[in-house]
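In this document, chain identifiers A, B, C, D, E and F correspond to the written order of the chains, with residue numbering beginning at 1 in each.
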Amino acid sequence: MNDNEAKELFKFVIDTHKALSQILRFSTVPTIHKQNVAEHSYFVALIAWLICVRMETKGIEINTEKVLKLSLIHDLPESVSGDMPRSVKKGEIRKIITELEDSVFQMMIGDLPEDMYDELSATYRRWELGDSLEEKVMRFSDILESAIYCLCEKELGNSNMDRIISNMIIWIDGFEDELMKSLGNEYKRKVVCEE
Amino acid sequence: MNDNEAKELFKFVIDTHKALSQILRFSTVPTIHKQNVAEHSYFVALIAWLICVRMETKGIEINTEKVLKLSLIHDLPESVSGDMPRSVKKGEIRKIITELEDSVFQMMIGDLPEDMYDELSATYRRWELGDSLEEKVMRFSDILESAIYCLCEKELGNSNMDRIISNMIIWIDGFEDELMKSLGNEYKRKVVCEE
Amino acid sequence: MNDNEAKELFKFVIDTHKALSQILRFSTVPTIHKQNVAEHSYFVALIAWLICVRMETKGIEINTEKVLKLSLIHDLPESVSGDMPRSVKKGEIRKIITELEDSVFQMMIGDLPEDMYDELSATYRRWELGDSLEEKVMRFSDILESAIYCLCEKELGNSNMDRIISNMIIWIDGFEDELMKSLGNEYKRKVVCEE
Amino acid sequence: MNDNEAKELFKFVIDTHKALSQILRFSTVPTIHKQNVAEHSYFVALIAWLICVRMETKGIEINTEKVLKLSLIHDLPESVSGDMPRSVKKGEIRKIITELEDSVFQMMIGDLPEDMYDELSATYRRWELGDSLEEKVMRFSDILESAIYCLCEKELGNSNMDRIISNMIIWIDGFEDELMKSLGNEYKRKVVCEE
Amino acid sequence: MNDNEAKELFKFVIDTHKALSQILRFSTVPTIHKQNVAEHSYFVALIAWLICVRMETKGIEINTEKVLKLSLIHDLPESVSGDMPRSVKKGEIRKIITELEDSVFQMMIGDLPEDMYDELSATYRRWELGDSLEEKVMRFSDILESAIYCLCEKELGNSNMDRIISNMIIWIDGFEDELMKSLGNEYKRKVVCEE
Amino acid sequence: MNDNEAKELFKFVIDTHKALSQILRFSTVPTIHKQNVAEHSYFVALIAWLICVRMETKGIEINTEKVLKLSLIHDLPESVSGDMPRSVKKGEIRKIITELEDSVFQMMIGDLPEDMYDELSATYRRWELGDSLEEKVMRFSDILESAIYCLCEKELGNSNMDRIISNMIIWIDGFEDELMKSLGNEYKRKVVCEE
């Protein structure tokens, strides 16, 4: 790796580091523990991994490496655009924001050495739209992590999460996989039992 | 997945979630941005991934999936034992703490469904001691992320990191791989140039 | 005011209260003092007021009440859309975001009693585009406040603001009014002298 | 505006900016969201404005500009004296503190250009004592904002606000205006309904 | 005191200052108010003092000065080793950690002028093991303060403290002194009554 | 101790606990690490203790127990009145505030069991006025701790402390004791050398 490539890679890492440590999730709702995008993405990856383990146990073919990469990268565009509430992202606006995030993503990785650019670019998929098993596992983990964050806020006493939790449950219920169903049910038991 | 397994998995995820969001790194040094273990581990995985990309470009055989898993898991024992300064972890004490962390790790994952237990247990290696290329990449990423955190603190004005940065540079210099050398040199340029 | 109107007004106030206390400005840049939108808007109004005082002293006709109202309201749409970095808001995207914020604003005030709805709706102008003296004073105050925030961060040791400060100065220099010029010059003196 | 005046104005703005961002309200009570004086004053102004709108609708003559200015300025002396609990401010002590705050205020604005000094000085009234409709609207908004802050804390789980909320309700009930009564009743409904 | 001694003393004070302000207690549990070791130790000393007053009233001989010194010093080793959860400190591990903390303590005070070294060294006792009345009062105050912290968290809405509170109560019940029994009972009343 | 006394004592401890954990020092100056009154008082006591050790070494008679008690109690009135900037406390106002704090202190301890009331009341002295060696040591430690806090802020990058540090140095220089002189000189060396 020549000096210039090292410089580009380093710049990408430090810019991403600064932004993802700073950007907070649920930015318009009163929260107690302020969660940044990096810690969210970490837990998404951890949950997704464990789901892959069980899928493999059951003989389902899944590319765990792909799932982990998707998890690490799925919120990267937020490092430039900031966290925008999901409630805003619908209909017309959703399409616009998707385009916005895509172009932001291209801007972010544009100066990376070519091999890294190709890898991140190939991995990055508009996950809301994707349809492979890998994307589904990541998408479920993304929502389950958000739901767990809301549960943790609730356990800290925060009553502002109730409406969001209801939405989360609806989204969770949209997944038909047996394993996801079990986890969703356990979540619902936990949310109710904490009340 | 039966209800009991879902319950065990959920318990592991939520316990880990609470702990890794709460435990702060550099716990005995005055810091400005308080970094928790989850966000640290996220950036370790991201850096490690990009290094793997280049290794593959260069035709070096490396198991990226293994590297990502190692990155996600390497600080898990801290979710029970808390973050202990590296300066304390040496000589006799280091051996004791290694044993302590190992038994803590067993305790944490002990109630997971068997397949997940086996996976985490097999992945978990005392990375300070391991010797494979995968462990080396993770170890380097772990140190580089810490070094970058220190640089970010420095850029926020914090002058308490200087001695730690010196140590980081010594550790970074211990890696002989050409790519790691380039990144280390870029780091050193950056640290100097910020002064 | 009947019960229903009181309920609608109260709902608007509490929703705005929660959101504007929570949303942080400069959400993708490492900061030390986390500034929310409410405190920003307060200082914009205070600065704008003092500028109006001097304008009146100089015999320039200006509607101070209008300026104060514009200041209080100019960032209200952020209570739904979150704070989006100005660097993202340009060209095509800026037009999209302007539309987005307009519709967000309509949504926010849509349930207010009619007289209040009319007042807020009439006051609200896309200030980036407006051209009256009142809008200009508010726009200048908005930028000066942001510039002062950056200066305060700098005085706390934060070196991440330098590039943003440069942009602020360019924007400040875009105002040709003699009073704004004086304040802008004083700002530049202060920024340099702190270095 | 000559250089010297720009300097004085700038100094006032930056001193006030630093202080009001830093001083926290409810400084002796355990709170979750730390509210500074600037954000409090912002919401006071916003609430007061909406009340003025309705008063005008009802044909009541009120100087909205005056109300907004009073709201922006009413806690300015705290930028030097710090936030002192209302419970301490009674009887003899209240008179002393009022004098203290008055002299503090003179000190703060003493170096401002004359026209601004005159404006702030004329606007500033010991609001606890004032009797005009404008002062009454501001005073009510000040208390309602405090009450809403307490409600938000309660919704975050904080049970330390109950006694303060009781006091707030007593103060709110002291206002006889029909509009204020409606808002007060809605507040009481909301506080009860959250329990 | 010669320059060198002043330097050593100053270094000890500033190192301890930085560390004890930074290290947080309950580092693996989600908390709302982050308590550092310095504030914990302050309240331990205050509680211990009041207990000594009553013991003296009852004619029990107790060395209050000793109790205060023990309180100030009992968590000093944490300034190097960080706060480790009590749940980890048991059996074999407890012995290891005790040794670790002892050697850490020697390291911390090793450069102090001789008279101060001797004083701190003589005061420092492994309080978990000690058996004098002074140590018992300090030990009880240490636990009662922790229990009160948990109660305060509970009053802020945090439901994560319940299991810890149960443990605290068991430890409190282990003290047979009549005064400690009364305080323990009052604590239990308070914890129940808050529910 | 009967139930009623236990209740009174417990109430005092918990009220003080809540307030001193919450009240921040330097409440009108931009700071990075927010220091509460409890942690300040802890370090005052620690510093004062070490000074007493040396005084005893030199054969100077000093009542260490008294010094520690003074340190623990000297800022207790702030738990009701909040932290008021020292700059405000001068001339006429200082006398008023002293009276205010005295009456606040009486209010705080008024419900304690008699023996504890007598002890705290006897210990409490307006330390600004007192003249014994014990009071002087506490007073010096109070200032030195504040000065060290400012130094720590400076090392975190905060440039707002410079004027305060200058004042601290003037106050420190007012102490003529040889040991205090040495520590003051070391402080000055350290402040200069950090620049």
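In the analysis below, contacts are C-beta pairs under 8 Å (C-beta built on N, C-alpha and C of every residue); 3 or more make two chains touch, one makes a residue touch a chain.
What you see is a predicted model; the values in this text were computed from it and never measured.
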| item | value |
| --- | --- |
| Labels of chains that are neighbours to subunit C and to subunit E | A, B, D, F |
| Option reproducing the contacts of C-D, where over half of them reappear, out of A-E, A-B or C-F | A-B |
| Farthest chain (mean CA position) relative to subunit F | A |
| Cα-centroid distance, subunit B relative to subunit E, in whole angstrom | 31 |
| Chain centre separation (subunit B, subunit C; CA means) in Å | 41 |
| Between subunit E and subunit F, centroid-to-centroid distance (C-alpha), Å | 21 |
| Set of subunit C residues in contact with two or more other chains | 18, 21, 30, 32-33, 152, 156-158, 160 |
| Set of all touching chain pairs, with the criterion as stated earlier | A-B, A-C, A-D, A-E, B-C, B-E, B-F, C-D, C-F, D-E, D-F, E-F |
| Subunit C partner contacts - residues on subunit B that touch it in the complex | 32-33, 152, 155-158, 194 |
| Partner subunit C, residues of subunit A touching it in the complex | 18-19, 21-24, 27-31, 79-85, 87-88, 93, 96, 100, 104, 160 |
| List of subunit E residues in touch with subunit F within their complex | 1-3, 5-7, 9-10, 12-14, 16-18, 20-21, 33, 35-36, 38-39, 41-43, 45-47, 49-50, 53-54, 56-57, 64-65, 68-69, 72, 113, 115-116, 119, 145, 148-149, 151-152, 178-179, 182-183, 185-187, 190 |
| Interfacial residue positions of subunit D with respect to subunit E in the complex | 30, 32, 156-160 |
